[in-house]
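What follows are several structures.
In the two assemblies presented below, subunit A is common to both, partnered first by subunit B and then by subunit C.
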Partner chain A sequence: MSALGGAKPAGGSTGIAPVPTLISLVIFVIIFAIMYMYGGSLGVTALIGIVIGGLLIGFGVHFVPVGGAPAAMGQAPGIATGVAMLAAGGGLAGLFGGAWAASQGTLVAVVTGAIGGGLMLAITCFFVNFVYIYGMGIPAASGKVKKDPITGDSQPEYKSQGTEGHGLPFVSFVGGVIGGILGGAGGTLIYLMLLDVYNASLPGVMKATAVQVEPIAVSLAGMFAIGMFLVIAVLAAYNITGTIEGPHDPKFKRFPRALIASAVASALCGVAAIMLVMV
Partner chain B sequence: MSVKVEVIEGGVPHQKILIAGLVLAVIGLYLSYLNVIVGTQMFAFFGGLAAIAALVWGSHTIKVLASYGIGTGVPSAGMIAFGSGVIAFLFATKYGVLAPIVAIVLAAVIGAILGYLANEVLSMHIPVMIKSLTEMAVVGALSLMGFSAMITGSFAFSPQGSFIFSLTTGSVKVLGMSLPSYQSSYIGGALIATVFLLGAIAIQHGFNACLGPGWKQDRMLMLVAECGFLSMMMCAIMSVALISLAAAILSFIVGLLGWYYTYTKYIELSKRDAAAWLDAKPIPEVEGH
Partner chain C sequence: MDNIVFSIGITALAGALATVAGAAEDVESDIGSQGDPNSQVQLAPQMGYIHRIYNKAIAGEPPAWGLWIALGAGIAWAFMAMQINPILAIVLGAGLATFVQGVYSTTAYLGRTASLSKFGQPVYIDIIKSMTTVTMAHAFVAIFATVTLCHLMNAALGHPFPLPLLGLVWGIALGAAGSATGNPYYGKERQYQTQNFGAGVPISASGNIVRYAEAGERNSLDNGFFTAKLGGPASGVCFGLIVFLELWRTVLFEKIGAGWGAIIVGVIIILIFTIIDRYIEVWARKNYGPYTKPEETSS
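After this line comes the complex of A and B, so read on.
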């Protein structure tokens, strides 16, 4: 095994630890209280949107078939890179797509972002399988399930001995696209929420017209959205200890605690981003 | 419990690198503040040096954390460092001359909470997790601030009295008059996005390239410094847009000299640690093909 997969941490349990969860929820409530004190209803509304976006990203990462270094050697199923790279590729593609449509309303922009992220991951998954099958000459087979949950195709016959499976079975492909859709939508939602806040407050803070500060608002919102996206994606990656096959993987069941972590992390980063123009 | 795969053998202890990196970064940032006191832009390069000090410290933190086998790959550590760092950095820009201190405190708070979430809620149970994520958020914030001070020439002087205005306000010359422009500025022009990735790549590449049984501390840190100087040269080129040409050229020269020194040193150390090496000359041009 590689250095990446050699020493797995003990985070194998799927349960939620009660005490840390309670403490996180307390932090979460405190953050919202601070936001309400300084930001009023505008701040709280934006923060709720940011938390929803964070939840979408944190949940979406669990769908993406992240293979890591073993996948690069064809010894494990999934896309042969880490979560940080996949998040940056799929999620940011969605974010840019959504940002481009930001002027057409929240719903259109979020859907555009979702399509952008899903499309990016679909293209990635397609070419990953293309390279695996036609380049490396290995079939797609899951190591975690006997039958593909969607197509019902049998898997073990195609799995090479000594590997955990290889390539992207259909369910992983679908998982990747779903993950891209959720990540793109989440990233775009965070961006839109911050953009609204900045567009509303920056002219007052900087004593300039709305048109003048628009580049600042766009750039700040984009930068914060990218930062939060990466933080949440890496936290979700810690939850699955680096690699996952897709929604059929037993590790997928760990997602509830990632949702807790994503909610607190996005609220924490979101409150700093909003307070930038509020205090 | 988690298994520690590699222990740090020999070399400078992490605590020393931590203190040296933190102190040098803060000193460097405040040296770039000389720009404001003296009324010039020539000291901008100190910002870049501060960023490199922080990056060297951060890469060693990644080494300490990754030796526990976090399972997500080394680049993810660089991404979370800068993802949490950029938030602390941008928030701290409100506080003028206190910006570096506020950035350190806020980044430490964000990093500690993220570390707690990873360790307890996500059940990572890695002993150094909280400390490492705290350090990395601070490193991310300080390196971003260093490169930003280098590109804009300041972190605290503007009529409104806070860093964010000098970051968001550039100027365009129209008919000989200088007008403020928000588009041709550090944040409005999204130079910050480039700096974000220049730093994030520099911080993680060192350990990602040097990890393994032959890991040597001095070789990794030299490579990180080399990546840092490469990023500094890029930042110097970008700073042409915002500060005087002479200051930008000075920054570039400092970056180039630093890069040359660290690069030759790194090659030397690589040869020292290699079992054998062969100077493969460039492919010779075959005559009459």
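After this line comes the complex of A and C, so read on.
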């Protein structure tokens, strides 16, 4: 983010370059072929889950309204911190809840993780508006749309002079919650897939009982899940380049590119995490 | 029943610790100028405004706090494995992590300020001596409180993650909540105190931060004094609510409907925050009014 602040020109390139996409696809297929050779159906199933988790995270990051440094001066709408960091904060809070509910089945754990991430970002987004409104006397206003797509509230006249807007209009709040939900679900899904693989493979690798290896399996799966979350969140943040207001921002249309990158990155990280115990 | 009462007590204690941690984290970040508003502290000398504000943005707040709290939790965990009393182990872990924070702060201040030498910004040794220790003190409070609540989650509530991993997760969440809530108050309301109240800082004013106090030049301790009144407590309540409500819904409702009880309660809490947010948004629009006359919209 520029030290001078101010939102960058909206939109930018949203197209998908064919050559890098083709290369990504080839890498993706090779990774799955390697996984099938060494990990069999258990490895491939886990890798599919990890890729789905990665796609959820990569897509979810685009919903989180992040204003970076300009938002900290009330010069641009959004939350005044980095894209990857805020998404990680919400997603990892979701992973905390999802990991706790792991024993209750994949569906319950993933939904619990999703709600945990959504809850973290709902509270955070609320406090952003609380500080803007009651601490600084500034109403929320978007700089990218004339009307809030959900409430229909007009925005331009609520922008103070010389700024791109400030605070979190309702659509950005909803975007933040959706981003947290997707991030929490994705992080938890990656964790559960890795946990299954480690629980199945570690007793043989370490020549120990399932009960003995459980703490190691949980720790390893947790570390890899957090690591993959950060990899994908940073990739998506590069796609966003700086700041985004939420789903109504023109930059949101760039998400297909991030999905391709997230799929390949999560497959690559996933194959490394799985082959750690399977080769 | 006793088990639930015990869990609720732990939940309340964890929420209270998180509130203290959030407040200390934000004040540390404001005195140390750790978050996004530090872009203006770095920019000011380039625009000709020499100042005595601490300048450290080591990394974004969430990863920085993830590091310090994972470090404190990891050291505490190692001491506990050596059969040292948990309270003593956490104090030692938090203390050692605080020294790492102090080293990072000093090198960040020296490096960042030295890079501004061509714009005439001096490195003030008295600033290093007086501010670094204050940021370390606040960091110790935040690290100790967060590592303790992670220990409670692991040892008393039975979360499967080991202590260092919980430290990383909640450290990043602490930094995210603290920077989201506290940064605008420090960035806009304090650094640009001379600008109009109730409006954002015009982009043209970037770099012109307030450099003088009631007596003499303003320093970062004055900023801590100011932000401790609203930015710090708001960050504390934000992080406290995140921790408390996440634990509360799990502890009380997880057993209902094979896990779906906690999910439904979570959805209800999200909806409640959504309604309150919408209420204050509309309240602000009505009470503060527009800055300009509404545009004629052709659509």
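Please note the rule applied: the second predicted complex is superposed on the first by the 269 of 279 C-alpha atoms of A that agree within 3 Å, B and C clash if a C-alpha of one lies under 4 Å from a C-alpha of the other, contacts with A are read in each partner's own complex, and residues count from 1 in each chain.
Quick note on the criterion: contacts are C-beta pairs under 8 Å (C-beta built on N, C-alpha and C of every residue); 3 or more make two chains touch, one makes a residue touch a chain.
What you are looking at is a predicted structure, and each value in this text was computed from that prediction instead of being measured.
The superposed arrangement places subunit B and subunit C in clashing positions on subunit A.
When the shared chain is aligned, subunit B comes close enough to touch A:Met275, but subunit C does not.
Of the two partner chains, neither subunit B nor subunit C is touched by A:Ile52.
Judged by the touch definition given at the top, the superposed model places A:Thr112 against subunit C, while subunit B stays out of reach. Contacts of A:Leu42 after superposition: neither subunit B nor subunit C is touched.
When the shared chain is aligned, no partner comes close enough to touch A:Val145: not subunit B, not subunit C.
Contacts of A:Ala208 after superposition on the shared chain: subunit B is touched, whereas subunit C is not.
By the document's definition of touching, both partners, subunit B and subunit C, reach A:Ile226.
Shared-chain residue A:Ala261: touches subunit B; no touch with subunit C. Once chain A of one complex is fitted onto chain A of the other, the partner contacts of A:Ile34 are absent, as it touches neither subunit B nor subunit C. Within the superposed three-chain arrangement, the count of touched residues of subunit A is higher for C, of the candidates subunit B and subunit C. In the superposition on chain A, the residues of subunit A contacted by subunit B and by subunit C overlap at 3-6, 68-69, 81-82, 85, 88, 215, 219, 222-223, 226.
Listing the residues of subunit B that touch subunit A in their complex gives 1-5, 68-73, 75-80, 82-88, 90-91, 94, 106, 110, 113-114, 116-118, 120-126, 160, 164-165, 168, 182-183, 185, 187-190, 192-193, 196, 211-212. Taken in their complex, subunit C has these residues touching subunit A: 35-37, 39-40, 42-43, 46, 60-63, 159-162, 165-166, 168-170, 172-173, 175-177, 179-189, 191-192, 196-207, 230-231, 234-235, 237-238, 241-242, 245-246, 249-250, 254, 258-260, 262-263, 266-267, 269-270, 273-274, 276-278, 280-281, 283-285, 288, 290-295, 297, 299.
Against subunit B, the residues of subunit A that register as touching in their complex are 3-11, 13, 16-17, 19-21, 23-24, 27, 68-69, 81-85, 87-88, 206, 208, 212-216, 219-220, 222-224, 226-231, 233-235, 237-239, 241-243, 257-258, 260-261, 264-265, 268-269, 272-273, 275-276, 279.
Interface residues of subunit A, counted against subunit C in their complex, comprise 1, 3-6, 68-75, 79-82, 85-86, 88-90, 92-93, 95-97, 99-102, 104-105, 108-109, 111-112, 115-116, 118-120, 122-140, 146-147, 151, 153-154, 156-170, 173-174, 177, 215, 218-219, 222-223, 226.
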